[in-house]
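There are two complexes below, and they share chain A, which is joined by chain B in the first and by chain C in the second.
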Partner chain A sequence: MHEHVYDVFARKSRGDPLAHIGYVDALDDETARVYAWKTYDEEHWFEMCVVRRSAIIPVNREDGPFAGGGSEKP
Partner chain B sequence: MTEKPGPEDTTLDAPTHSALKRLVVSLADSKRLMGIRYSDWLLGAPSIETGIAASSMAQDEWGHARLLYAMLKDLGADPLEAEHTRPMEAYASVDVLDAPFGDWAAVVAGMVLADGAITVALDAFCKGSFDPACSRIPKMLAEEEFHRSLGGAWYRRLAGCGSTEATELLRGATERMLPPLLRWLTADDQIEALAAAGFTAPGDAQVAAFRDAVRDVVAGVGVDVDAVRIREDAWDPSRGRGPGHPDADAVERARGDRNRALFVE
Partner chain C sequence: MTHFTDEELKAKVRDGYIVESVEEMTEGYRKALVVQLTVQGDTELMSAPAYWMAARHAPSTNTQVSAHAIIQDELAHANIAYRLLEDLGESKEHLVYGREPAEFKHPYGFDQPLENWAELVVANGFFDRAGITLLSDVFKHTSYGPLKRALVKVDMEETFHLRHGEVWMKRLAKAGGEARELLQRAVDWMFPMTVEWFGLPDSMKRHSGQLDYRLKGLTNDQLRQVWMSSTVPLCEELGLDAPAHRDEEKGEYVLDFPFPCRYDDAAKRWLFDEGEISWDEVFARWKARGPMNETYVESVQRSRGVVARWLHGGAAA
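Moving on to the complex of A and B:
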């Protein structure tokens, strides 16, 4: 079954910057949510979110780590 | 019932006290066995992320079981005895967890159906008037939301992947699990007495909640949950489940037999 790369972002406290903490391979948005929450559970996160890497739009360079449209894993 | 029983409560009559204890043991044993069945798939799940999720869910279930067993103390019983000394014939876990899941399709069906049925029973208990349940179960239900989400997503994916084999395996597991789970949620006299006293919901309400929770998901493999007949064979009122018991290996793991000499509490 085809999987997508989802990047995981989280912050520990309300005022913290949202940081990229890793990625998961998932079937869809729903499984990505669960995999992210269960995989990166070493902290008591205030907020966590995932975004499909193919949805990330590069702004200033096309060779950045998130510009692979889902195929690259920084 | 307006008074809420708690630690060292003495207001319950003997039949209600006994029924409440049976309900707690049934939920705790089911959680413990659910954790063991998830733990079987830490390795061998379809992806590393799924294995990690299975590991985490196993931890969730064992944590829930520990909290539920601890409620026995509020009912004057010894949680350690319940956790570590009972023979397998005394386990009150839901019937469909008696044997390991044979394949990933069965795990997915178990996530949606077995874990789902236990969650319905927990939710009903949480909304009743037993104080320890009201305070400790909400966190379990929040964690179960992730189990439901993962189970539903995998179920829909297998049901719609175009593989006849996957669909057949999923349908077979679903058709095997539904009748005993519906029977488990259908109240007997003890549950009806607890419902009348305000400790949980009546059986028909729990069955309806379960059907509502899984109806759309199981329709994906052509199963109409409203048409599934509730199993009507033998019933063990002392445990609130059908005849039989979990396999010996699972109970040895649940009790911690192999490390008994190292037991520290």
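Moving on to the complex of A and C:
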């Protein structure tokens, strides 16, 4: 079962910055939404979103933790 | 590309440098981090079936909910550790589904059956407290940025598990009678087991890469003291016998039993009478794993291949 890496971003309250809070492995976007919501349930988030890691485009460095799509095999 | 030599990296992390990606690591650093995260992930993962089988003993729907909420947290924590391992080039698929039961690296405590509600809540009170002790030290001191950020959630939730354990230990102690007897019985085998969990004493500890790379901050003995400094007073407050006391002169907690010592896993009893044994004997017992090891691992792995076949029409992924 090939899963993709999704990074999870959230903010607690209005006015808070959107922060990276974790990641899930999921088969597709829909399961990623469910896994993220069920996994990162430690707060009542005002907003949460997921981004497929391979969709992240590094700007200033190629060796950051989000560069290269994690362990995504293209 | 490695930017630093091992000595340079050790000096940098001592000065507070935070490592953010695998490219910055030396092989020594990466290996030490892989070992640490594997133990962390395996511990969280194997706590889940142990707690899940014990949750059958929950006395009400509310306690069923809280017991299962804890299991859900543990699985999420395991997933976080394995996800971090993937970023280091390890395979989560292999780690979770490809290993034999005896290859998992969790502590011996999670190879034991939890057979009643008292044992489950003492596991929350003792084992989860050991988890917090270890992980909050990692959170405070780790030089690996992605792990530090991931542990915010983990620490928050482990604190809830501990509170669940403490609240229920108090309730059972207060009830007296059979509840209190079962509670004491659980303390009797789980207290020494958690003390042992922290590993070799510092006087025998071989060189620790985890300290040199700032993957943790405290030594095994220091962590054992932190754990006892909250566990012993809790037991005293509840009128439970715990085999350790505070030595005012030394300013630390000392054990009232030969350490390490033999354990009879069928009787769930420590053989204090047989005296102190060697750590080699302890390592042999850990390596052979405990009575529930195969059952717990099988319960985690059992359906993987089946569902993969459904999804891929016979080609198991």
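In this text, the second predicted complex is superposed on the first by the 70 of 74 C-alpha atoms of A that agree within 3 Å, B and C clash if a C-alpha of one lies under 4 Å from a C-alpha of the other, contacts with A are read in each partner's own complex, and residues count from 1 in each chain.
To be clear about the criterion, a contact is a pair of C-beta atoms (placed from the backbone, for glycine too) under 8 Å apart; a residue touches a chain by one contact, two chains touch by 3 or more.
Computed from a predicted structure; not experimentally measured.
Colleague: Does chain B (first) or chain C (second) touch A:Gly22, or do both, or does neither?
Modeller: second
Colleague: With the two complexes superposed on chain A, say which partner A:Val5 touches: chain B (first), chain C (second), both, or neither.
Modeller: A:Val5: touches chain C, not chain B.
Colleague: Does chain B (first) or chain C (second) touch A:Gly64, or do both, or does neither?
Modeller: Only chain C is touched by A:Gly64; chain B is not.
Colleague: Does the superposition put A:Lys38 against chain B (first), chain C (second), both, or neither?
Modeller: both
Colleague: Once chain A of both complexes is superposed, is A:Glu30 in touch with chain B (first), chain C (second), both, or neither?
Modeller: A:Glu30 sits against chain B, while chain C stays out of touch.
Colleague: From the superposed pair, tell me which chain A residues show up as contacts to chain B and also as contacts to chain C.
Modeller: Shared contact residues on chain A: 1, 24-25, 38-39.
Colleague: Name, in rising order, each residue of chain C that touches chain A in their complex.
Modeller: Interface residues on chain C, with respect to chain A: 1, 20-21, 23-24, 72, 76, 79-80, 83, 86-87, 89, 92, 145-146, 149-150, 152-153, 156-157, 307-308, 311-312, 317.
Colleague: Under the stated contact criterion, what part of chain A meets chain B in this complex?
Modeller: 1, 3, 24-28, 30-31, 33-35, 37-39, 41
Colleague: Would you mind writing out the residues of chain B in touch with chain A in their complex?
Modeller: It comes out as residues 46-50, 52-53, 55-57, 146, 149-150, 152-154, 157, 161.
Colleague: Hey, which residues of chain A end up touching chain C in the complex?
Modeller: These residues of chain A touch chain C: 1-2, 5, 20-25, 38-40, 42, 63-65, 67, 70-71.
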